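Each in structure tokens, the structures are laid out below.
Same chain, two partners: chain A is paired with chain B first, then with chain C.
Let's turn to the complex of A and B:
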């Protein structure tokens, strides 16, 4: 039963990573830029929700403010990254997005302080399945993760939107000549990615404390998942998100006695697991060898 | 007097740390962000060696040797991964190292850190240590200058233009990139060693994100593969946030304002002078 509980908890954390790795993948697919500011964007949306609730606004109103915050930050990311995406200066894009994330974190720390904030002062509502239990945000994350993973898998692989998104990163000028506006596609993807990051930011911090740099660890974890799964494979990304979360959780959870491993080792184990996978399959778990033309 | 000496020491440390990043990012266009990890690694290696009973000088030598060995992990990642994956991998190494330092408390002191790190004989006073740090900074600058004039420097500059071109001349870009990463790591570790001698205390937040952004800002702002540009850039970036000290701002906010300033500066620099870092985009 203990093993199943660890599995269930890992499933929730893994889904949070999936929900952040998917927007990371979407932005990468449309602009070839790793948007490391997504974590801070998500946490900013969570702070907007927290502020709204603390100010006594109704829940729908506070959610609306958090959503608007995410959309504004998505648009701002677009304004910063578009020029670099167009010029195919992807590494500069990565550094700009990283700095953008740090900027957001610093602004949050200046406005709200660095002490931990809580959405709820009472214990989180839980749902029991015999001896197993899950918190309400955990269930919401699992359901949203399942629906969105399937949705994005279908959209990316089977619809014209997915094809257009990939085409934008390959040759935006060619796409422009076919009367598709590449910039609009990238703007749309960044806004959707920011809203998704906002959802993850809120769900993660509902379970724990809200601190300005909470998004950084999460985005790094999501990035490692993307890297291990293969930057061009959404299926691989989703699979690896669960792997990089599950292995450390199992090692920490099942270790006991003299060989007990504390929770603080988790990030080290994630890094070691990632290093092993990347040495074994540098192009990703599910990436096949393609013919070079 | 103490304030000015500390600022001079900070400048020397920042230059020492930024030289490696300058060599990799501005010269070779290799986006290696593991500098602050290596800075932290060097500091911990010297502190742990001292804890084990080694003399401060000997522990510094051990730290540098260990950093050479540790840097091969980054070289391996450089060989295996694509450019952008390598960049984020080196960035995330900072988190992994921080987690390792916090977790392995029997060796690293965990979150409490290691206190009472000794300075070498003859450098017990801050003034003497600062002079030593400035000497080290000059030596490292000379090393970079020499490297830029050698086959490695020319190959790195060539790699910035075109990797294929360098390969076609029979030079392994992996080897040159690897050498640049090892040099960068060693320089960062040396900066870490001298810094820990100054502060004489070490905890997990030693090689923070602020330091990383500061280093990258100096390296990117320098843009050109010239030593004087690096020096000017380091002076500008190190002393600019000092303005906050003379403003009526609560001290708790100064750290965040500094990160904010560095991040904004880095964004502006990357969006405006990025062309100078990408000469292959020139149209003649």
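Let's turn to the complex of A and C:
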């Protein structure tokens, strides 16, 4: 039972990372830019929801405001990154998106303060299965993670929209000549990615505490997952997100007594695991070696 | 002026010529003397002395910084009233230490290099004060923290003092209280203040209570938001008593997540300063009911109660700072400024006086730094009853 409980807790954290790694992958696939500002975008949407609920708005109204916030931030990201994506200034794009995230965190801290906020000030409601338990936001995260992972796997691999998204980053001029607007595709992807990040931000902070830099650890884990899984493979990204989270969580959770490994070691183990996988499979877990012509 | 007054009295015919001739020299002497007194009370030049204040004005512990500012805002006019007698007035300059060593050092450098302060009240957090203490060793600046309690502050610098009780007392008292149980667990946040308590607590158990077994000794990163795996591990070891040792900003998250484990109830819960606040206790009222807390001693002073009430009614609540640290701020500023009034803006002279004299204040009638950087105040034991920490002994 103890192992299953630790596994359940770890799966919730892993799914939070998966849900952020998917939009990171989508943006990379359409623009070849690692959009590290997505973590802060998600947390901004969570703050918008929290503010709405605290101000006494109805839940649908507060959700609508959070959604609008995510869409605006997605559009703003597009305005910042589009030129760089067109010019293929990918490294510069990474720096701009990272700065965008830091800027958002600073603005949140100025407006709302840096102390922890709670959607519920009392303990979260839980669902119990025998001796196991999960919080409601935890269950919602697991279910949403499963549905969205399958949905995006299908959309990216099996639909024309997925092929178009990949094509736009490979040769946007060729796509333009086929009367598709590459900029519109990238704008759409950034908005969808920001809304997804908003969902993750809300689910994560609903399950714990809302602080301005809550998205930072998540986006770092999602970025590592993307690198370990292979930047061109959504399947690999999802798999590696669980690997880089579950291994450290299980080591920390299952060790006990004299040989207990404290939670403080978690990020150290994450980097060690990532280093091992990146040394073993530098192109990604599920990426096949391509023949160089 | 005197001439005009005499003319007026004469015209009113209230006095005879004889009595008026007696009244004139008397009035002249009185007016002359009052002029002399005024000259003593109000010197021509007033020296403004800047005192730096380092406190967390942002971050998890920002509530403490904001409430400390309320106390200092209240105290400043009274301190200046006293200082005016010796031709001085004080100005507090606030800098954000963010409860972190690096930020406290930046704040210290700004205060000393740019503002030119020679005295600093702060930091609040042990991390802040521990970081700036080594910088004061040359005696150019004196630091008097109102609330830092890490035992490592003892002797950290001859020019660094704290008005807090020591975590050594907290750690030892907790060890004594928890020694009634054979299997105990401790959950600590990775923060100077908390690690300080953890170290003293474990050393004390090892030295004096060998029968007690620490079945879980878990540490989580500073500001962590998900401690569920850590709690599961502690639960698995089935301790009879659990000590929660987080920082103030994380205390309610830890209590909330512990309360979600509804089937784990067979243990006695212990805590420290972070759980004295009603806000932290309200996060999980059922869980924290009956919790034993070791914190500052109870202060019985009607005067202090009146001051706290006045600050709370005019400037807002002091819930997080609490009565002890409000008193510590008042004593800290009063003692330091009274010594500056007497000895001048000279850290070396003030330090010498602090080391040689005994002071009386709200926190104790005998604040004594002669053999320590701490004021020699003992700890107190509280029990949570109906959402409030009630003093026991």
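Keep this in mind: the second predicted complex is superposed on the first by the 293 of 293 C-alpha atoms of A that agree within 3 Å, B and C clash if a C-alpha of one lies under 4 Å from a C-alpha of the other, contacts with A are read in each partner's own complex, and residues count from 1 in each chain.
Please note the rule applied: a contact is a pair of C-beta atoms (placed from the backbone, for glycine too) under 8 Å apart; a residue touches a chain by one contact, two chains touch by 3 or more.
None of the values given here were measured: they were computed from a predicted structure.
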Touching partner for A:7 - first (chain B), second (chain C), both, neither: neither
Partner chain(s) touched by A:175 [first = chain B, second = chain C, both, neither]: neither
Contacts of A:84 with chain B and chain C, given as first, second, both or neither: first
Contacts of A:109 with chain B and chain C, given as first, second, both or neither: both
Contacts of A:286 with chain B and chain C, given as first, second, both or neither: neither
First, second, both or neither for A:72, with chain B first and chain C second: neither
Which of chain B and chain C A:224 touches, first, second, both or neither: first
Touched partner set for A:124, first chain B, second chain C, both or neither: second
Touched partner set for A:264, first chain B, second chain C, both or neither: both
Overlap of the chain B and chain C footprints on chain A, listed as residue numbers: 109, 262, 264, 266-267
Contacting residues of chain A [partner chain C, same complex]: 2, 5-6, 9-10, 13, 109, 113-116, 118, 121-124, 126, 131, 133, 135, 205, 207-209, 211, 214, 249, 252-253, 255-257, 260, 262-264, 266-267
Touch list for chain A against partner chain B, complex: 32, 34, 36, 80, 83-84, 87, 89-92, 94-96, 98-100, 102-103, 105-107, 109-110, 216-217, 220, 223-224, 227, 231, 262, 264-268, 270-271, 274-275, 278-279, 282
Chain A contact footprint on chain B (complex, rising order): 31, 73, 76-77, 80-85, 87-89, 91-93, 95-96, 98-100, 102-103, 209, 213, 216, 220, 253, 256-257, 259-260, 262-264, 266-267, 270-271, 274, 277-278, 281
In the complex, chain C residues that touch chain A: 58-60, 62-63, 190, 215-221, 223-230, 232-233, 236-237, 249-250, 252-253, 256-257, 259-263, 282-285, 287
